[in-house]
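Below are two complexes that have chain A in common, paired first with chain B and then with chain C.
Let's look at the complex of A and B:
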């Protein structure tokens, strides 16, 4: 257990250091999201009331598409110079690598959300009518739902020839329940029309189920040829 | 019987199939502990596949591999593996790379990890104070740092794939001297190379591979009469 957390922390620190030096994932995610905000704001000119109904969907779809670039980058780094083989021949637990990658992606996508959310608020003139604090658990649980499956499927598509196309094909269908919960939960908080409690429970359940499944199966993925 | 006299590695009828292509075709062999084995053969002879199977990176389609009585995955603490690519992060310096890999092997601060890492870097003839990223190293420096990563956890068995490729003669001799020292210290060393003359007088055994099989084992570079024709 000690070794699990020690290796997880070492791998997470290493990934953050590599991202800090290259900024590959963050730059591409930020640029992509900025384009989404600008293009959507030119495409629609909603009233404040309409904004509250559609902005939840726009935000999460934007983040979902943007996060795919970070998820691909995470593993691409391990393929250069076949560094992943150095991990595979070591006695380090497979799950430590998975947890570190998922936590790293969670941090990168959270940074993206922190930067982009104020822009969404400004461009769409959004005012929250429900309990605004509930947006935080929706964001945390929703982001984890995206990155935990994304990290797993990105690892799974590592050895496929067209892995950048494979990842969205695998990730998007399985993310549908989580995306519905994120969008509906955000919309219900923004409009204040209904409680987001059900969607929070749904997201929490989704996260627990898929985190457990990914942890149980990752060793097989890592050591597959 | 001392450990140095026991077979370190045994392979029993090991087959590795990639689709319809057999990279290893029923390899059966024993290799003694504490000896230097040079693996020779043409491209496509199965040398790298054999080394990857010994390192636990590829599972044999058939047959058994045993390293000190354990499977390669179970024996991973005893194995140091150096591949043709560097297995290092180009964006980090050598010492940053080794600090990370030290953690994977459970070499922590309580075990004077910093001292261990610096010593290993010095042993391969590099400067631990070098701060530039590995991506800016010369090919020879990268090979040495890759070797440092492989020996960092003081493994009993070293599996090295082409450690002398793209390395100048002086650096190659330095690596040979280091490997000889490790063999003399009781390590079992496997080296795949196309520069066999570098190991003449150093390697205890030359293992010749051809078409996925071991076709000859000699103590010098001179082949056993008739062995060249074995298929």
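Let's look at the complex of A and C:
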């Protein structure tokens, strides 16, 4: 147990340091979601009263697409110099690597959300009519839901041809319940018309189920030969 | 076995024709919908067949993963038994019964749950080792075909009856669509991945997909559902004559699905045998000796 956390922490710190120095994932994600915001603001009239009903969907679609660009880079970094192979033969627990990568992605996507949310608020004139604090658990649980499966499927698509294309093809169908919960939960908080309680429970269930599944199956995916 | 195939094909063709005759001529016309409703004799049997095939895919995938990791085999076996026992008991407890959609009998749900351990052991017994993966490919491919039939015939029926092609908030429509998407992505993964680990990756994805289905169902649960209530194990509002035709139609579809699966299964086995022979061929180097072991050039037994 002790080695699990120490390896997790070491890998996480290494990933954050690498990202801090290169800023590859963050820059591409930020610019991508900025483009999404701008293009959406041309397609929909952002000043209309209806925009409150669609902005929840727009925000999450933007984050979903942007996070795929970061998730794709998760494992590609480890392929250079056969780092992943070295990891495979080392006695370090496989789940430590997975947890570190998932936590790293969680931090990167959270930073993206923290930067982009004010932009969405400015562009779409958002005023929250429901309990605003509930947006925080929706964001945290929703981001984890995207990231945990995304990290797993990114590891899976490493073994395929054209892996950049493969990740969204695998990730999006499985993520549909989470996306429904995120979008509907955000919309119900923004409009204040109904309680977001059900969607929070749904997101929590999704997170627990798929975190367990990822941890149970990741060792097999990593060592599959 | 080979001689059985043409005989079974003829029987299935006759059976399908009989089911079509029953559906178009014998079954009584619906009082409200008129003749349009007759499409359910294709729609509903296809849906049941597709779900059955996806279920087989799920069980075969679990079995495959368990067989690759012998240490987990006993654990998985006990988990499956526990799921069967606890699931059946839970179906009759009041708090769980409230979760079961209205119109579905708890005994019907319990039977479905009981099918998990039953299928698990039957499939594990008759499909050893890599044959489990062949079974998984076969059932996923044929299942996607049947699921496509469901998704195509659904809107054709919905347009005259509901007045719309597609109801986005409907629970069964959307879950079926998501199920279809998951299995298409499963087939995509198999197509794009040509390494030796494909089978394991695909099995893992199948398990993720199966875990996803209940979540999809509950995520749409909140919306008011527009679909007609289930006819089997439900309120029983269907005319017995119609039910009779529906079951005949389902039997015919099952025969047809079995026939297609059987053929696809044999094809996949042959395909793998050829690949193995080619790999052996390039390893050995002398093409002449290895070519003799290619399955297609063998004399028929």
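The rule is short, and it goes like this: the second predicted complex is superposed on the first by the 222 of 225 C-alpha atoms of A that agree within 3 Å, B and C clash if a C-alpha of one lies under 4 Å from a C-alpha of the other, contacts with A are read in each partner's own complex, and residues count from 1 in each chain.
Going forward, a contact is a pair of C-beta atoms (placed from the backbone, for glycine too) under 8 Å apart; a residue touches a chain by one contact, two chains touch by 3 or more.
What you are looking at is a predicted structure, and each value in this text was computed from that prediction instead of being measured.
Once the two complexes are overlaid on the shared chain, A:3 sits against chain B while remaining clear of chain C.
Residue contacts after overlaying the shared chain place A:220 against chain C, while chain B stays out of touching range.
Once the two complexes are overlaid on the shared chain, A:52 sits clear of chain B and of chain C alike.
In the superposition on chain A, contact of A:176 is made with chain C only, not with chain B. In the superposition on chain A, A:18 makes contact with chain B only, while chain C stays out of contact range. Legend: residue contacts after superposition of the two complexes on their common chain; A:83 is shown touching chain B, with no touch to chain C. After overlaying the two complexes on the shared chain, residue contacts for A:101 are found with neither chain B nor chain C. Overlap of the chain B and chain C interfaces on chain A: residues 225. Against chain C, the residues of chain A that register as touching in their complex are 149, 156, 159-162, 165-166, 169-170, 172-174, 176-177, 180-181, 184, 198, 202, 205-206, 209-210, 213, 217, 220-221, 224-225. Residue ranges of chain A in contact with chain B, taken from their complex: 3, 6-7, 10-11, 14, 17-18, 21-22, 77, 80-83, 85-92, 223, 225. Across the complex, chain A is touched by residues 65, 68-69, 178, 181-182, 184-185, 188-189, 192-198, 200-201, 204-205, 207-209, 211-212, 215-216, 218-220, 222 of chain C. The residues of chain B lying in touch with chain A in their complex are 55-59, 73, 76-77, 79, 81, 83, 85-92, 96, 100-101, 103-106, 108, 149.
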